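The following block contains the structure, expressed as structure tokens.
Order of writing sets the chain letters: A, B and C. Residues in each chain are counted from 1.
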Amino acid sequence: MDRKITPVSKIFLVIIFFILYAPIFFLIFYSFNSGGNMNNFEGFTFDWYKELFQDTRLLIIVLNTLVVALLAALFSTIIGVMGALGIHAARRRQTKNTLLSINNVLIVSPDVIIGASFLVLFTMAGIKLGFYSVLLSHIAFCVPIVVLMVLPKLSEMSPTLLDAARDLGASRLDVITKVVLPYITPGIFAGFFMALTFSLDDFAVTFFVTGNGFSTLSVEIYSLARRGISLNINALSTLLFLFTLILVVIYYFINQRQQKPVLGGRK
Amino acid sequence: MRKLLNVFLLVSLASAILLLTISRMNAAQGLTSGNTLTIFNWGDYIDATLVKQFEDETGVKVIYETFDSNEAMMTKIEQGGTTYDIAVPSEYMIDKMRQENLLITLDHSKLPNLKNIDERFMDLPFDPDNKFSVPYFWGTVGIVYNSTMLDGIEIDSWNDLWNPKLKNEIFLIDGAREVIGMGLNSLGYSLNDINKEHLREAKEKLDSLTPNVKAIVGDEARTLLENREAAIGLVWSGVASEIMYENEELEYVVPKEGSNLWFDNMVIPKTAKNVEAAHQFINFILDAKIAAQNTEYVSYSTPNKEALKHMPEEMVNDQRFYPPAELTEKLEVYENLGKKNLAYYNELFLEFKMHRK
Amino acid sequence: MENKVTRQLYMVPYVLWIVLFVIAPILLVLYYSFFNIEGQLSLDNYQKFFTPVYLKMTLSSFWYAFLITAITLLVAYPTAYLLTKTKHKHLWLLLIIVPSWINLLLKAYAFLGIFGTFGAANQFLELIGIGTQQILFTDFSFIFVSVYIFIPFMILPIFNSLNQLNPTLLDAANDLGASKWMTFKRVIFPLTIDGVKSGCQVVFIPALSLFMLTRLIAGNRVITLGTAIEQHFLVTQDWGMGSTIAVFLIIFMFLIMFLTGTKKRGV
């Protein structure tokens, strides 16, 4: 493959990144606004950051959001990978397609329906609304996206590879842990990150299934939005953004040193 | 495989640490003790320092949750699974919740401050004798406009909005009853009209307004109007008073054909666990000084006549937000029209939204 | 025999998930769809769906979802392709995902500021001499922001399959004298079609039921099936009609999955 990037391509990438980050920089910029709104910048201040750190309630909500996202991504990845393996192993094409369609129901269903039907389900099952109901529903709507991310990797895998492994006397478990899983690792990571994204962003489902004082960031932001968003939310987003950015870069370079790429395939 | 396991362990560890921190922080906040009060209110509809004050005075820990529509709130209360001690629905929803036995009868002997409430706002048709609810805030629906952007066009009636010069200058609220109600009022019909022909007529009249409508928006109307994105907005009075405080070019008028008068009342839902503290809180909010402070923060109109004495004069004497009884009598309160009629309102509203310029 | 048992064993969590969080909600939705607004068992809702209002809405939802998917693909494919050629490609890929971790509502508010009459976008247009335009509450802004939101979801699967591409194949094509376009058309694209397909699925299907953006960015000038469902669940409390629309969405999704279903590929 020709490895050079032409200047035109470079400009294209720069524009894409610029657009992707523009609203975020917009939020960051106004987090320093002493004017108190996101329209005209009056002067530079750190007040919103100070206010943020005094707001224990908001900090608890941030931690809640993170823990739900991490756990939901973790469990949905595990379930999703198992599911993908199962779908892939299905012999008949029809079975495969049916399973896949069922898998995607939650992706197509609007959040409000998922939220409302989960609410009915949880109350029927007698589950108290709060952390567990939110976590369960996040796991539920993250599973299909993991399956979708892992399946292409599985279908790219050549069957001869598995045959070879089996011929060499590997047990079925060995085949999965030593051959299949390493091969689909990039897909698993992609699924994990997508699940994380879905969970962090969800508002409507969480709104329905939460209760008893448990809240996540997006629900909180939505309720604050009535008066126009307060700038300490901007300050919060700025910090979270920088935090993830640093984390991502560190993670990448640690991996780089171990000569193991993160997402995507192996060369 | 190693790498997968490592990441798995890392994520589990991080989650465990986070969970531990959360439970520590919750304990530090006193939220794990038994004496808590869960309030379910509209977003940003109370002065948070008052909640703190209530906690300090009574030792009750308040859990504060918010909703953004009467219907979403009712769904959650109806389904159970939560323990809301206080909720703040609007009048038509109180009627509905009352009929569906979702509310607890209030013990008036525990609410001595109820005497502070103006007689005008007591014993209304949606809740006779205030058996289930206590007035929290009230207001009107009207037009907020920026006179500097209108070069001399006067606005004091709904029909003024159909002026062809106002192309792309109007923001409407995303509420079926408000918008269809505007159509009905502009034709001289009642806001609670359920005659299908009248409703059709109103919808067709609204269709002809489409060129003037810039967007149908929710709470972001505040920011948009404040920033001069358009000159006119159909809004609730509280939204108007708030943005008028931010941008002095703005004016508010309740159209002369009539409009909606609404009430948000505090109720104790059936799901309540701490009925005692709920009464305590309601009584606390009814206190004259507390209500005055709350009103200055929320900027809707308070039904608390004693509170008015503790508020700035220009606020109390502002007839736009405290219209005298003669004026409010001309306004209509939404009646609970029943599901079927409400569905028809919403269908028309949906059609109106889909009507392209 | 042993195969079958282990397979069924690892499928347990996934099947459990399907039963609890997919089948049960679908049955619930189906059940509700047969009740009219007055709570009587009837087919009223289905009749209503075939009135011009809802048919028009369905058509426009499909049209917008199609536009959004097509534009997202047009932007995402070259981006993914160029990313695979960069030096730290996995880092760049992560950086594409990071913006989607910032709350959607906040980004929407940022776009309200950027696209507003006095916002940055209009200042730029003013500067290059085009003059202030109405950007907010138009089809343009709606599609732009939707594409913005879906881009990472499209890039990830495409990147994964591009990255998997065997470079020797490209060398071979090159050696055989294929032009760059030929190589792309005959070698690269067909080999990454699975990634493109899963990308399109994760974009098109949710795009059918977008709802928050239709109000915030499009000012309710665009009405999708998702908006209507939200209205029925949250405003009219006509769960029956909301469920009926949902039933149709699920049917559409099955159709789409069927049409884009992966065919067995020989290797």
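The rule we apply is simple: a residue touches a chain if its C-beta (ideal position, glycine included) is under 8 Å from a C-beta of that chain, and two chains touch if they have at least 3 such contacts.
If you're wondering where the values come from, they're calculated on a predicted model, not measured in any experiment.
**Q** What pair of chains is linked by the largest number of C-beta pairs in contact?
**A** Top-ranked chain pair by contact count is A-C.
**Q** Farthest chain from chain C, comparing Cα centres?
**A** That would be chain B.
**Q** Taking each chain's centre as the mean of its CA atoms, how far is chain A from chain C in angstrom?
**A** The answer is 15 Å.
**Q** Chain A to chain B: how many Å between their CA centres?
**A** 34
**Q** Touching two or more other chains, which residues of chain B qualify?
**A** Answer for chain B, listing residues that touch two or more other chains: 72, 75, 220, 223, 227.
**Q** If you look at chain A, which of its residues touch at least two other chains?
**A** 38-39, 116, 120, 222, 225
**Q** Listing for chain C: what residues touch at least two other chains?
**A** Each of 109, 118, 233-234 in chain C touches at least two other chains.
**Q** Quick check: in the complex, which residue numbers of chain A touch chain B?
**A** Counting only chain A, the residues touching chain B are 37-39, 56-57, 59-60, 63-64, 66-67, 70-71, 73-74, 116, 119-120, 122-123, 127-129, 133, 177-178, 181-182, 185, 188-189, 192, 207-208, 211-213, 215, 222-228, 260.
**Q** Once bound in the complex, which stretches of chain B touch chain C?
**A** 69, 71-72, 74-75, 168, 174, 176, 214-218, 220, 223-224, 227-229, 339-340, 342-343, 346-347, 350-351, 353-354, 356
**Q** Which stretch or stretches of chain C touch chain A in the complex?
**A** 2-3, 6-7, 10-11, 13-15, 17-18, 20-26, 28-29, 75, 78-79, 82-86, 88-91, 93-107, 109-111, 113-114, 118, 120, 148, 151-153, 156-157, 159-161, 163-165, 167, 170-171, 194-195, 198, 201-202, 205-206, 208-209, 211-212, 225-226, 229-230, 233-234, 239, 242-243, 246, 249-250, 252-254, 257-258, 261-262, 264-265, 267
**Q** Would you mind writing out the residues of chain B in touch with chain A in their complex?
**A** Spelled out, the residues of chain B in touch with chain A are 1, 3-4, 7-8, 11-12, 14-15, 18-19, 21-22, 25-26, 28-29, 31, 36, 38, 42-45, 63, 65-68, 72, 75-76, 79-83, 219-220, 222-223, 226-227, 242.
**Q** Looking at the complex, which residues from chain A come into contact with chain C?
**A** 1, 3-5, 9, 12-13, 16-17, 19-24, 26-27, 30, 38-39, 78-80, 82-83, 85-86, 89, 93, 97, 100-114, 116-118, 120-121, 137, 139-141, 143, 145, 148-149, 151-153, 155-156, 158-160, 172-173, 186-187, 190, 193-194, 196-197, 200-201, 203-204, 217-218, 221-222, 225, 229, 233-234, 237, 240-241, 244-245, 248-249, 252, 255-256, 261-265
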